[in-house]
Amino acid sequence: MKTVLCYGDSLTWGYDATDAGRHALEDRWPSVLQNAIGSGVNVIAEGLNGRTTAYDDHLADCDRNGARVLPTVLHSHAPLDLVIFMLGSNDMKPVIHGTAFGAVKGVERLVKLVRQHDWPTDAAEAPEILIAAPPPLCETANSAFAAMFAGGIEQSAMLASLYRDLADELDCGFFDAGSVARTTPLDGVHLDAENTRAIGRGLEPVVRMMLGL
Amino acid sequence: MKTVLCYGDSLTWGYDATDAGRHALEDRWPSVLQNAIGSGVNVIAEGLNGRTTAYDDHLADCDRNGARVLPTVLHSHAPLDLVIFMLGSNDMKPVIHGTAFGAVKGVERLVKLVRQHDWPTDAAEAPEILIAAPPPLCETANSAFAAMFAGGIEQSAMLASLYRDLADELDCGFFDAGSVARTTPLDGVHLDAENTRAIGRGLEPVVRMMLGL
Amino acid sequence: MKTVLCYGDSLTWGYDATDAGRHALEDRWPSVLQNAIGSGVNVIAEGLNGRTTAYDDHLADCDRNGARVLPTVLHSHAPLDLVIFMLGSNDMKPVIHGTAFGAVKGVERLVKLVRQHDWPTDAAEAPEILIAAPPPLCETANSAFAAMFAGGIEQSAMLASLYRDLADELDCGFFDAGSVARTTPLDGVHLDAENTRAIGRGLEPVVRMMLGL
Amino acid sequence: MKTVLCYGDSLTWGYDATDAGRHALEDRWPSVLQNAIGSGVNVIAEGLNGRTTAYDDHLADCDRNGARVLPTVLHSHAPLDLVIFMLGSNDMKPVIHGTAFGAVKGVERLVKLVRQHDWPTDAAEAPEILIAAPPPLCETANSAFAAMFAGGIEQSAMLASLYRDLADELDCGFFDAGSVARTTPLDGVHLDAENTRAIGRGLEPVVRMMLGL
Amino acid sequence: MKTVLCYGDSLTWGYDATDAGRHALEDRWPSVLQNAIGSGVNVIAEGLNGRTTAYDDHLADCDRNGARVLPTVLHSHAPLDLVIFMLGSNDMKPVIHGTAFGAVKGVERLVKLVRQHDWPTDAAEAPEILIAAPPPLCETANSAFAAMFAGGIEQSAMLASLYRDLADELDCGFFDAGSVARTTPLDGVHLDAENTRAIGRGLEPVVRMMLGL
Amino acid sequence: MKTVLCYGDSLTWGYDATDAGRHALEDRWPSVLQNAIGSGVNVIAEGLNGRTTAYDDHLADCDRNGARVLPTVLHSHAPLDLVIFMLGSNDMKPVIHGTAFGAVKGVERLVKLVRQHDWPTDAAEAPEILIAAPPPLCETANSAFAAMFAGGIEQSAMLASLYRDLADELDCGFFDAGSVARTTPLDGVHLDAENTRAIGRGLEPVVRMMLGL
């Protein structure tokens, strides 16, 4: 049995911009990946609305700093064969960091946390890591979201290229979710059901390859 | 689709005392519960070795204080229909608290965190809560574990009765895992594969009832 | 006996720009409100220089993050009938957030903390909440303050309108302190004695109404 | 105008053991002290249920560590002429510290926090400090409280003598609340209305003397 | 024996831009100062890559907030005769603060932490404090560093003048490291061996004077 | 140039029980080790009064939890060839842990922090680690210390044997400081100048061997 951890934000959680609710379980990309790849792999969904890569945000009743929570999640689900990071959209908020560069530094920190983790099982090798760039933000008429993510369209457009370079440098896999999915103009950030499903389908080949399946 | 969160410690994680490894996925009680109850319910396993109810422990590369991490986990998996707490064994360590009374106060805090949580979806009602008493500690020849849990046999034997009273007081469900499973004398704390499976089977009826299935 | 908590920053504390001291007790707006509304109501002043809505600031020998401290203050003064928030000016500092939008998100978090609080008395209903917009920043020749609050004049001018909308959305009361008071050009942020007194007088009618007096 | 800060726990908050509610405002000892000493002194009540001197307790929706919160409270109410500490009962819980010695060390830390505080007003001298020993715990038939405070009767009986020595050593005032008040056998820890009022009356002379009134 | 604490960032640590390694011990400025001033003074080097004055940065496996770590370092090396702060370059990162003004406020906080510290030895007087302005950032072809410090060239050029004013206001010594050293165009921030040595030589006279040697 | 980090508590800091002051620099064991081993090795003293292995203590104006501070210290002094831990005496305080077993678990955590550290220089191998058992506590007429360390004499007597086993298990070096030094009856915990010097001399051979000198 192989185990894959999907560590992400609202795009992984399955936030539905039409009603601020949550997409059905079967529409979320970790579920689609699970179904596509079959029962020999355990795909664990760990998405949190508002999660950043490595920056504090005290606006919610949870810890949104991805770097602070990651070690606990790694312990809970060890031993792991693959960790997929799809984060960075929330880093585009000016109050968090506001630049693609900041998201890159945050993901780099997450990679190091995996590589340096004190695993609960003696035999555990550090898992493979796949860095997934979220689809770029798009224009929206939703003024609250537009304000929250001011400047994010330009910055998020640079994530795929920068994450690809980072993945090469750190010897990680890379996937550009923007190659298969588009954010919704309803809020400029999130994914409709079809686009979140597309990410699960798109990830299948690279995940199979990284797991040696 | 109903969603059940299993929030626990190494008994939920599936720690295997024979080799300090982890029981196979299918032997852990959340998996057994998932299989028993069927695909109409999503059973989420959130066990962490060393997790306490509400007390700090800085001896690991993760946050073992169950009360500090719970809100983030609730967010990640909302909306929830049922939360099962099976915690308290680590509270028996003298350095954590060392008394059944302390575990009761810790579980009470966890229940309140669920009841007061700021849920990410507007429609969410607070989920039902099931308090599960872990099987009592037993005698062991493992001196490291015996030292770590000094006095824990007597104290843990009181958990079931005290948790039952707490569940009544707080209007929660209750399950005594000690009624179906026994800890292993290998270390006096953990469960072998058969005993962890038994908890999943034992929980099925009460979970069905609480979910209205 | 009704109890009102005034949770604010230096405008509530009574910072005096003429000498970096503190206005006399009787000149601070919570005292004026207390005197106006009479001894049947207990008005509690909880102002802290530099307090933000929900953002960290490590520049002082106290915790300036309003969201981190609020639950402790709510406990200390429970049961409460009304909480008045007059915060946001410090959020205008670019290093804190620098936008009116950020202050709105912070106040929203504070409102949720009140609504979700685990009150120490069983009988407690959540108190009413009144969101007060601080008077907008103004031009100043004080270069240190001008630098600290760069861009704050434009942003703070938007607080009243945005807070009013937030209050409507969250079913809270609203008061625009800028309708009765003006900040001093001495530093562009604070209030002289007359203007802080004016806020107490201005609040009296809406507080009476919200308390049902 | 002189200002006195009363920094304490549930004995200062006014916890009523008959109904787990709160004593009327006029029965709490800070109010009695305020009325006795007159309007030329501003007496500020800062009591929190469960507050310890300097130890963590994660069982409540607030920060119970008196040492972590004190600097923020000092800022909010500066400039101060006198700080009264009446703490230590919660330190008697075995999980917190369980010894009178621990409470002494905690109060010593609080005194240093006052002495080293970075006051918001330039002119502020450090205030005088009065260490008040809480009345000793007594026998109770309440089994939950008896368990929570196991061993506390003997330990708390030593607080007055130890605090007196500490006050001498640190050049602070001292008051033995046990000389005027008794804890209630309802829970063995708290005060009925008459006994909390007695503390306010008992404190008046020493407060007057320390304020030079 | 006099003791001098050098509290700084990578410029004090001795980061070598040619290979991301560390300058030889004898080339780092605290060592040069030690050798110049002789064995009657104990010069302690406490430099940390990425250290800020008083701002959080969660991108490394250490605590980069200079204000949070300082009290522990002061304790470890007390009693001290002189503390030299050479910090501020990392504050120039837009995500940290991005302005010279922010660095000034941070250093002011550090000075207060020294002045208010609860020293472990009774006899300890607060040490003298020397504020050293780091050499300004310069142009670089290193795009990662250019992005990380966007806008830093202009802002860092203002540090010397602002730190001098702060030092005067707080009665501290002042040294402009930019008067003797230049940052390297390899990354625009760091110092080559010759330039770090120059700071140690440059500091000797002012350190001698402040120590009364 | 080799670098050795001495990470310890008041025994490393050089606390002098005769006057609550600090031993002269040349009498502290890290200095003695430095002098004995010569200028080809840089011996760094990092002792803090009250430091524990991995447990919180909020009674001082610094962070006494050795595990929380260690990563920052490792960064400051990297690259390292050897880390010497001489900790555990403060763990003997009942409020910290009170058992030799607890100190062992704490040191184990420190060893893992070194092994998993994300070093600032690419080339860094993890340093060697030497676990030094502090000399056992002894009887004292000092009642404050006797109370603070109640039960510590028996427990601390077990540290050498348990640390030796831990060092074997974790492939670390071991040194029993109790083989060359005795604690003073003045307070039952600390070392006079001669005994702290003896530890430096006693460590020299094992340090030379571990450094390959």
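Here the chain labels run A, B, C, D, E and F in written order, and each chain numbers its own residues starting at 1.
Here, a contact is a pair of C-beta atoms (placed from the backbone, for glycine too) under 8 Å apart; a residue touches a chain by one contact, two chains touch by 3 or more.
Model, not experiment: these values are computed from the prediction.
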Inset, instruction - Give me the chains shared as neighbours by chain A and chain D. - result: B, C, E, F
Legend entry - Touching chain E and also chain F, the following chains: A, D
Inset, instruction - Would you mind pulling out the distance in Å between where the CA atoms of chain A average out and where those of chain F do? - result: 42
Legend entry - Averaged-CA centre spacing for the pair chain D and chain C, given as whole angstrom: 28
Inset, instruction - Could you put a whole-Å number on the gap between the CA centroids of chain A and chain C? - result: 37
Legend entry - Per-residue overlap in chain B, given as positions that touch at least 2 other chains: 56, 60-61, 112, 116-118
Legend entry - Complex interface listing, chain E residues touching chain A: 56, 58-61, 94-95, 144, 147-148
Legend entry - Residues of chain C defined as touching chain B within the complex: 112, 115-118
Inset, instruction - Spell out the part of chain D that touches chain C in their complex, as residue ranges. - result: 1, 13, 20-22, 24-25, 42, 46-49, 60-63, 69, 71-72, 74-76, 78-79, 117-118, 120-123
Legend entry - chain C residues touching chain A - in the complex, by the definition given at the top: 54-56, 65, 67-68, 97-99, 101-102, 105-106, 108-109, 112, 116
